[in-house]
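In this document, chain identifiers A, B, C, D, E and F correspond to the written order of the chains, with residue numbering beginning at 1 in each.
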Amino acid sequence: MLEPLPDILIEPVVRAALAEDLGRAGDITSAATIDADARLTATFASRKAGAIAGLACARIAVLTLDPAASFESIAADGEQRQAGPLAKVSANARALLSAERVALNLLGRLSGVATLTRAYVDAVAGTGAVITDTRKTTPGLRALEKYAVRCGGGVNHRFGLDDAILIKDNHVAAAGGVGAAIRRAKAAAGHLVKIECEVDSLAQLDAALAEAPDVIMLDNFSLADLAAAVARVAGKVTLEASGGVNLETVRAIAETGVDVISVGALTHSAPQLDIGLDAG
Amino acid sequence: MLEPLPDILIEPVVRAALAEDLGRAGDITSAATIDADARLTATFASRKAGAIAGLACARIAVLTLDPAASFESIAADGEQRQAGPLAKVSANARALLSAERVALNLLGRLSGVATLTRAYVDAVAGTGAVITDTRKTTPGLRALEKYAVRCGGGVNHRFGLDDAILIKDNHVAAAGGVGAAIRRAKAAAGHLVKIECEVDSLAQLDAALAEAPDVIMLDNFSLADLAAAVARVAGKVTLEASGGVNLETVRAIAETGVDVISVGALTHSAPQLDIGLDAG
Amino acid sequence: MLEPLPDILIEPVVRAALAEDLGRAGDITSAATIDADARLTATFASRKAGAIAGLACARIAVLTLDPAASFESIAADGEQRQAGPLAKVSANARALLSAERVALNLLGRLSGVATLTRAYVDAVAGTGAVITDTRKTTPGLRALEKYAVRCGGGVNHRFGLDDAILIKDNHVAAAGGVGAAIRRAKAAAGHLVKIECEVDSLAQLDAALAEAPDVIMLDNFSLADLAAAVARVAGKVTLEASGGVNLETVRAIAETGVDVISVGALTHSAPQLDIGLDAG
Amino acid sequence: MLEPLPDILIEPVVRAALAEDLGRAGDITSAATIDADARLTATFASRKAGAIAGLACARIAVLTLDPAASFESIAADGEQRQAGPLAKVSANARALLSAERVALNLLGRLSGVATLTRAYVDAVAGTGAVITDTRKTTPGLRALEKYAVRCGGGVNHRFGLDDAILIKDNHVAAAGGVGAAIRRAKAAAGHLVKIECEVDSLAQLDAALAEAPDVIMLDNFSLADLAAAVARVAGKVTLEASGGVNLETVRAIAETGVDVISVGALTHSAPQLDIGLDAG
Amino acid sequence: MLEPLPDILIEPVVRAALAEDLGRAGDITSAATIDADARLTATFASRKAGAIAGLACARIAVLTLDPAASFESIAADGEQRQAGPLAKVSANARALLSAERVALNLLGRLSGVATLTRAYVDAVAGTGAVITDTRKTTPGLRALEKYAVRCGGGVNHRFGLDDAILIKDNHVAAAGGVGAAIRRAKAAAGHLVKIECEVDSLAQLDAALAEAPDVIMLDNFSLADLAAAVARVAGKVTLEASGGVNLETVRAIAETGVDVISVGALTHSAPQLDIGLDAG
Amino acid sequence: MLEPLPDILIEPVVRAALAEDLGRAGDITSAATIDADARLTATFASRKAGAIAGLACARIAVLTLDPAASFESIAADGEQRQAGPLAKVSANARALLSAERVALNLLGRLSGVATLTRAYVDAVAGTGAVITDTRKTTPGLRALEKYAVRCGGGVNHRFGLDDAILIKDNHVAAAGGVGAAIRRAKAAAGHLVKIECEVDSLAQLDAALAEAPDVIMLDNFSLADLAAAVARVAGKVTLEASGGVNLETVRAIAETGVDVISVGALTHSAPQLDIGLDAG
């Protein structure tokens, strides 16, 4: 079940975004053209089908500029929705229009991430593989974008450099081999830290397997090699496929039997979901 | 000619991104597997052709973690490059690998924005139309993403709610019509603020034209109506086409004679340019 | 009509000011001498006539320290008032006295700016000239002081280095002349950016005029030269007079027919309006 | 002897001011009109005589945008100078022009405070009275403005609500009298905290004197009453005169024999000292 | 009487602590195991007797994550309590458990400081000596830890380098002797700044006494020398004993007649008071 | 092998601590008594034996106030040292004395944590058990204090609520039992997140074991029950002992065969290591 982020993790992002947009003079268009006490009722509505993420961002954006506004969600984060209304808002007209772009930028981006994730998750349905993200996130938005991946049905890879060990090619080279690298990692890791090692060949897989890390990442393996790896590992460690994953290839990858498939595009190249604010 | 952003506008973004990635324990993988004084020479290289933006982000990321690192640019922001090396870096190995993801996330994203912008700019080459962006930017990265648009050959629309007046449908409705809205805006605007008004029909165009704003935005006009608008306006104000713009449609839109074409996708849906860091 | 700044632009200034004043131990005098639950009703009152700006700062200062306080405005920002009450406040006594100085420092300073602006605006009444400010504002308070200028009836010049082009003598020198500088600016500017060029002689005026910037600043022109410039320009561009402006000279300058008169003293040398907080 | 503020207290103010001025696009005028590698040598020069304060602000502003700039002080903070050069700077031309306004805003404001302070200090020369400031400072700039007072020869009153006890009329009313208020303060104060009490009559002076605070503030006393107070106190506590102090009245006040004279105008109404940056 | 710190001084500490603990994904345990709308009633309870400080920290921590929570204090800051309940809280279950550790970390630490302070204060009861703290506080928590000292019955020494002059051995050496140092301090100090001088022998005491500072710190004096110093000073200045103070030695030190005894351990080595949160 | 924290994680803590100590006027004692260009050479020296942690904090504190200072480490973080010199520093005298307290507060605190950790680690030497910390850290200093635990030979437990799942009694109660809670956690956890479950009896241990979490925490078990648990688990999951651990009990606990022993006191009650700065 999907769990919301605490508002305390969203508020600083929203406040900074509002400050960035309001600049040094505020919304001079609304100030010039709309009466100070005018009210506006409007609907956040998606123009296309997609998975929703970030309604709290929209709510916090509006309420930050008009604490007396009402915001009623129609959809919920994590839902796959057809085009249509997501939330109804009633607020001071200037405040609502001043908050609109920040609300939509966050809601559209996060829903875009969720929607792309959902497409990958649906593509592997029934295979047993799960879809995971990477650290290829927008600077400053990692917590939010990783949450959006969860909204799309994905699971999260590590959140930063500090919460799991992921040994990549440069670490292997520096440590003098896959085996040595994993051994150094095991010696250094606390008891609540998992260790993953990237390998780029079946030979490296064997070397890694001998040291029993928690997860092995199969980087840019062919489908045949993925299947061979799955057979060879036989469930002893979690296998993650990485590289060359797209919506055309992902199902075949999943069907090799790997446990996890990581997709950088979920956060670095998801187009925004087209969401607008309609008056009335 | 393209002008770099001052480092002072980039540093806070890079430092926040590094802190977000380093978390509360730093790069535990590099600490475990790489000797403290090991050095690494590596190359930032693009895997695909594209327009480059954000080399300063990569430089600042590396130098923040290793002030003694060397960073030599091979490419320059604003260049359209084939796949290949962009910059050469030599640094403490741990520091470089700890900075790598932040450097690539910013460089890849900004180059993605520049590359998509360049595609639009090339598509309208010779027509006299310029490509511009919107406020549909990533929260916290507006200055950087707008800079990336410039790197791709685009020009910037307003930077926030405060530096130009842009009257949209809700403002028109609240003010009681296009004419009234522009008159209110003119009464409120300082002498260094431009006024743009969105219209959605030729009838509204006439009403706007009567009040002589600086720019009129033709929202979701058909090609025929765009052409009619250009004829009717006859150069008296700047005309901006908006809505339904994509790489298939943009040239035809440009050929109607409009001055400016705004494209939200430049910043809200640009896929990242695939850039990596290669050791050696 | 005067439009308030969004609270979100004021709150960080007020919170920082309160933190600066409370230091590391808070208001030790009120803590020592006033009972914890004592209440105080008081009136913010101006000791002299003046234009009011910044009542929201006073409200936010008090409510930040006592969220249950009541604050009723008697005056409104932008009003020219005689000496007398501006707002009535009822709050926890310690909280109110702890917030008093921050509230008064902001309200007095901003009202001082508004009052001086109003004096200039009144001095040119009927001439068609408007009074504008400069970037000679207090570091950290630009948004608030520019707002205070609007409260005094002035209009705002640009808000920063980024929202309009203002070519000054050093830029002219670097670019190789007025004409070259304006041409470079036009090539670089987006379609929502206005261009102003400073000139220091009628000869430079002609050079500038040939390039049709949006605004020409006549720097330190004699009254005769100002009048000559107005005649020569004949309404083709906006003319701004700058330099040597004070309350003795401003009307004569306005009567030359210039459109805009900029006055640095509005923000860099306005004496504060004497406002106090009276118990009872 | 005057002691400089540590740079660490100045840097955040300067960086925030630069960010405020550069906005989201930087200095678009300099970028458009000046070549990227052009250099500029220039002189910070005062147009009028005055006491100088804040040269470090100018230095830090320039060096923040061009770390390779050179900055040579000709004057020193605390000096009373005739009009003329204060510091010579050589830097990247764009960086220098981008930093100019922030440098001048701080240097001009602080020198304005120092100059006004110096005028008061000179006015009481030979009397034994010292000139002190108040908490009527610019929000965010208290440390800098209090430093400027020192540059002008003044001494600082308390820096905030937390570093000394200053009992005012509202505290006296709440505590039930001058004596009770001082006794409560003495019971609460640590051994390094001084206690000052405001009195508004000779009768209150007697009540205060009986409790032996460190300082008594004589608020709005006539010259005769000031003299009477000095006689009555006979050096037993420090006496501070406050209220109705201006350059016309301050010497007579000092000649009554009070020890300290506080002047709010030093920081709340000092006109800026006219300082400019001259190329060449 | 003990006075609470304003919430504005506590909120930034609590928010930063919550952000530090929630990281980039929030409380993943509570999200996984507790229903979103579950509620929890619980009691903050001390496992041991001690002096309480920091209940507001616990309240703010809980209310920041659940603004609708109720928090009823049973104890009050400054009270010496037996083991038992301190406050009752009812909140969303996830929010409460997410806030628990931050609440306890601050409440336990500050109560630990208060409890240790109280032990020293009780140890000198009846002697006339007061117990004071030092600047040996936790970075970022000085205001809170100094408040906790007050909760334990202590009085505060200076809050920072800026609110009193404390001449130590290095200053004496640099200035050329105790007398010279105090004279320089007196010449520099404002009228609301107290001056304290450290001495390490009776000979230095005499030198200091000749210059009449406000306070003299007797550093690492034997009991005999402390008594001699008290006799010699005869109440003319405040005497502070420092160095070698612990719970075994403090009463004897107090009985020498010194006015103030400073104890660094109050803040640098106080064990936390064991406080937990009990459901139900 | 011990790995240093990146400076970027230390600098904000040090700068905030310096700002907290310098306040609004800086170090008024050093300014008054020491000549501006005086230099001082001094030694950071431990008065007692202990494990060292935090030398980088001292270095950064000094260099922040005097970038030209030299700082040579004699000891290294992680070393167990006898009383004696740790680092030699030469700097501007005022800057060094202004930075001294911040440097010592951090160095002393972190070395205190390391020293206490080392005592526990030594107490269990040869048993195979490792010593780990908790989230009972100082708000704002978690990264540093966890690093200090590593300096003392300990390993880190999770860094926050977000990087591992730790099911405690309240979670068990909310989820309806140990088994249900672990199953919910497994369903929610990503593939790089470890799951730990607290149990308070052998019966609960069996229930937990059936669900195969990564780690089981035995909370407040008797020595007999710890041994029984070790036997029953037979290496299938990691066992952590918690509760009632002190230097008297820890070895016996370790000898039961548990893998990990967690000790809250490492960070919440470690007395500071006595370190001073000696001139010369």
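Note that in this section a contact is a pair of C-beta atoms (placed from the backbone, for glycine too) under 8 Å apart; a residue touches a chain by one contact, two chains touch by 3 or more.
Keep in mind that what you see is a predicted model, and the values were worked out from it rather than measured.
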Item to check | Partner chains shared by chain C and chain E (touch criterion as defined above) | outcome: A, B, D, F
Item to check | Winner on C-beta contact pairs when A-B is weighed against D-E | outcome: A-B
Checklist entry - If you average the CA atoms of chain E and of chain F, how far apart do the two points sit, in angstrom? => result 22
Item to check | Distance between chain centroids, defined by C-alpha means - chain B, chain F (Å) | outcome: 44
Checklist entry - Taking each chain's centre as its mean C-alpha position, how far apart are chain C and chain F in Å? => result 51
Item to check | Junction residues of chain F, two or more chains touched | outcome: 3, 20, 22-27, 31-32, 98, 142, 156, 159-160, 162-163, 188, 193
Checklist entry - Which part of chain A faces chain D closely enough to touch in the complex? => result 20, 23-24
Checklist entry - For the complex, which residues does chain F have touching chain B? => result 3-6, 8-9, 142-143, 146-147, 156, 159-160, 163
Item to check | chain C - residues contacting chain D, complex | outcome: 13-14, 16-17, 20-35, 38, 40, 93, 97-98, 101-102, 104-106, 108-109, 112, 135-142, 159-163, 165-175, 181, 184-185, 187-189, 193, 265, 268-269, 271-272, 279
Checklist entry - What does chain D use to touch chain B in their complex? => result 15, 18-19, 22-27, 31-32, 36, 64-65, 95, 98
Item to check | chain F to chain A touching residues, read off their complex | outcome: 1, 3, 130, 132, 155-159, 162-164, 188, 190-194, 196, 214-215, 238, 240, 259-260
